[in-house]
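Down below are the structures I want you to see.
Heads up, the next two complexes both have chain A, just with different partners, chain B and then chain C.
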Partner chain A sequence: MDIKQRTQMYTSLSSFARKCIFGILSVATLPNHIAFIMDGNRRYSKQHNLVDGEGHKVGYSSLMSMLRYCYELGVKYVTVYAFSIENFKRSPEEVQSLMDLMEEKIEGLIKEESLVNQYGVRVYFIGNLKLLNKSVRLAAARAMDATAKNSKAVLLICIAYTSTDEILHSVEESCEEKWDEIKVLNDKKHEKDIISVLDIERHMYMAVAPDPDIIIRTSGETRLSNFLLWQSSNCLLCSPSVLWPEIGFRHLVQAILGFQYNLYYLNKQKQT
Partner chain B sequence: MNSEKTRVPSANGDAALNDKENMSKELPAGLKEELMPKHIAMIVDGNRRWAVNKGLPGMFGHNAGRTILMPLLRLCSQLQIKVVSFFVFSTENWRRPTEEVDFLMKVVEDLLRIDGEELHSHGCRVSVMGDKTKLSETLQKLSAEIEEKSRANSGTHIIFAVNYSGKHDIIRACRSLATQVKDGVILSNQINETIFAQELYTKFVDFPCPDLVIRTSGEIRISNFMLWQMAYSNLYFTKKYFPDFGPNDLIEALLAFQGQNDVLC
Partner chain C sequence: MRYNINDLLSSILAFELFLRSGYGCGRGFSEDILQDIDGKICGQNDNIVFILLWHVIHLIVRVIYLAQEVLRAIESYLVTNGFVTTYQPLNLNRVKYLGIVIDSDEARQISEVIQLLDWLSAIGVKKVCLYDREGVLKKSKEVLVERFSSAKLSNEDSKIDPIFTKTQMQFEFVSISDGKEAVAKAANLLFNKYYLDGDTEKPFFTEADLSNALKTLGVVEPDPDLLFIYGPARCHLGFPAWRIRYTEIVHMGPLKHKKYGLILKAIHKYTKVKQNYGS
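Showing the complex of A and B:
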């Protein structure tokens, strides 16, 4: 057997093994929406003595693998924290290299043979897109257009995003929408009725998806770093200590088992 | 309980070294003063399960929860933590059986009346954050009294979140800003994160954002506590039920917090 045949056999075996494990996981409720904070690319670069920026490329292939596992399992929504507004504060060279990488990968998404077309995934870019440079913004718009007809699953890429910015934007939009009603407000008592939780939620960038069931942050950091604050209120938080480029199938399985256990425990609590 | 220390910078190296030695003698278990969190938030969870484990009715656990508060607060004061907040009652908790809700409200009354008084006598500032309009008249009165009395205190600021919801905190801020926009006080595109934060319940707090959030009883979620304020908080989860979470456990949490932050510096 030559290398190519061996690789093919290995890939088929792994795929089959995954299908078996997914079959077992599917016995209990599966999460509908998983979110990832992809932390640890730079540390991975340093640890393996790679050129600055190589860590992000390795991180990208980890991302593709995780997306494949999620969509194979039947998870409908996957959200990833690709670039925070805070990250603009990094060195201009790093920011530019990240932007270039993202533009390259976004173009890749639109190709025929890409993962998103394989699994019928609709792509959304979530965040304050006005902060991006023109070419990335245009690439993102093209990708959203090209995948608009896909309906089997959804990928939300948070780029130029922070939760506090999302909430502020939502507040601004709600005020503007209700401006006419607020203008004629004479009686202070009715103030409370004008803007409600539903109005704020409607204007969130993330309104296109339900709240996440699990948030997985790699590299052992236990903080949300301004990611999905509003939406994470009742969500399970997982923090495996591996760096993002090292994340694998077993970490996903662990997170899902944790989710299922939690659900079972919560339901038991409700009954007592 | 609250000792104000002023450090005078010294040109004499020996004096400075002694100063450092004295400081590390005061701090337990290798904690570093410079890495101490300014604001610790605690999501109080597990009171009922603690009681049920001991064969008691669930709601009695809330009394045990109240008992563990003072040793924890004493430690926080000793470590000169500036703000400590406790998620005592969430807006979702109204769904619990009436008997338990009434019992819990009585525990909160005692907390404000008796413990609040003791904290005030030690120079701590006590506040209650949440939608007080839905609370009993007694509770509203006790809350107003202790807040007024202790407002000028300069010791640790202790906040009890009662009938609090992170989402409603944000909505309230939104409504207030909407009115200001309507009255022409600000333009809607002038609203930024600083202006927004000044409308939240934590606007009166010197350090509104928790550096460290601790949740007891093994649940790994935020459950609608201070969502905006916790954007960058370090989250620490422990399996211990709240009545079992003592000063030593808090030290362990602080060591973990300092360990993580040391790496990042």
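Showing the complex of A and C:
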């Protein structure tokens, strides 16, 4: 057997093994929405003596694998923390290389044979997109348009995002909306607390998806770093110590087993 | 063949019930446990073989968690009694503000909460933010403040080394209404200030504006550096979102299984953490 045949056999065997494990996991309720904080690309680069920026490319292929596993399992919503507003503080060269990588990968998403079209995934770009340079912003808009008709699953890519910025933006939009309503009615007499929690939640960037069930942050870091703080009230937080480029199928299975283990408790919390 | 599989499934379920009620994993009563198992098995796959395998896997998971709990108990014993000194001396200066999230059902056991606070006081933690979803701890505010505000405290019921003097502690009590609802109230404050009473130009809000509005509503304390979660799962249960941007979140297990040695370990681990804050 030559190398190509061996690789093919290995891929089919892994695929079959995955299907069996997914079959077992789907006996119980599966998470509807999983979020990933992709931490550890630079550490991976350093550890493996790679050129700066290579870690992010390896991280990208880890992302594609994890998305494939999630959509095969039937998880409808997946959110990834691609770029934080705080990351703009990095060196201009690193920020530019990240932006270039993102633009290249976003263009890749629109292609016919890409993973998003294979699994019928609708893509949203979540964050303060005005902070991005024009070409990335346009690429993101094109990707959102191109996948708008897909309805089997959803991918939310958080780019130029922080939770505090999202909450602030939502407050601004709620104020604008209420102001327009008052102007139309031409009526300054109104309730004292005109803006409610529901108004704010409606204007969140993440309002297109339900709250996440699991947030997985790699590299063993235990903080959320301004990611989905508002939406994670009843969410299981996982912190495997593996670096993002090294994350694999078993880490996803571990997180889902943890979710199923705590399902009764988490559901009870959602109802209060 | 099917008869044998059903038998096997029943024995596995019975063993699971025994493990859970025996250990009392926070679920307590049998009806609760059965509801838990029932509630989970409503997924897409109803093949008996897969159901059996699922139970086997979850049984293995449960045994692994139990084994981990035993190891943690041993580790805590070794740390508490001085056999392991890696976590001392503790650099408490880095922990300026400690947050504690307690599951509301567990928070009703006020004696457990008092014991936890006794331990923290003995370690030297001065400022603590106590959170539980339903506000159970808020109701016990007077009891707790009175107990820990006096500088002279007796050590007679403490198993901690008596040379540790307990420090005076300051508390903040937080519940779910201080989270999303507080942000909505702050939004109303900003709306009234900038839209109704202000000029006709569209205002430009900054995060500082929202922080100040929250301060006006009483959110004056800083963000917690470290958050301990006492409950069955690692979940912050609705702790105010605006305040946990860069907070390290550590799951300590159920309150009734709290361990002194593991508190020392968690604080020590936190003092070694290096945050980049995005850069």
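Operating definition for what follows: the second predicted complex is superposed on the first by the 249 of 272 C-alpha atoms of A that agree within 3 Å, B and C clash if a C-alpha of one lies under 4 Å from a C-alpha of the other, contacts with A are read in each partner's own complex, and residues count from 1 in each chain.
Rule of thumb we're sticking to: contacts are C-beta pairs under 8 Å (C-beta built on N, C-alpha and C of every residue); 3 or more make two chains touch, one makes a residue touch a chain.
In this text the structure is predicted, and so the values were computed from the model without any measurement.
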Based on the superposition on chain A, does the combination of chain B and chain C result in a clash or a fit?
clash
Kindly classify A:29 by the partners it touches after superposition: chain B alone (first), chain C alone (second), both, or neither?
second
Would you sort A:138 into first (chain B), second (chain C), both or neither based on which partner it touches?
neither
With the two complexes superposed on chain A, say which partner A:234 touches: chain B (first), chain C (second), both, or neither.
both
Who does A:223 touch here: chain B (first), chain C (second), both, or neither?
both
Among the partners chain B and chain C, which is in contact with a greater number of residues of chain A?
C
Looking at the overlay, does A:84 come into contact with chain B only (first), chain C only (second), both, or neither?
second
First (chain B), second (chain C), both or neither touched by A:194:
both
Is A:174 contacted by the first partner chain B, the second partner chain C, both or neither?
both
Determine, under the contact definition given at the top, whether A:13 touches first (chain B), second (chain C), both, or neither.
neither
Touching A:257, do we find chain B (first), chain C (second), both, or neither?
second
Across the two complexes, find the residues of chain A that touch chain B and also touch chain C.
162-165, 167-168, 171-172, 174-176, 178-179, 192, 194-197, 200, 221-226, 229-230, 232-238, 262
Report the residues of chain C in contact with chain A in the complex, numbered from low to high.
26-27, 32, 35-36, 39-47, 50-51, 53-54, 57-58, 61-62, 65, 104, 133-134, 179-181, 183-188, 190-191, 194-196, 202-203, 205-207, 210, 231-238, 241-242, 244-251, 273, 275, 277-279
Inside the complex, what are the residues of chain A that reach chain C?
23-30, 74, 84-90, 162-165, 167-168, 171-172, 174-176, 178-179, 188, 192-197, 199-201, 221-226, 229-230, 232-238, 257, 260-267, 269, 272
Which bits of chain B are touching chain A when the two form their complex?
166-168, 170-171, 173-175, 177-179, 181-182, 188-189, 191-193, 196, 219-224, 227-228, 230-237, 260
Parts of chain A lying in touch with chain B, wherever the complex brings them together
162-165, 167-168, 171-172, 174-176, 178-179, 182-183, 185, 191-192, 194-197, 200, 221-226, 229-230, 232-238, 258, 262
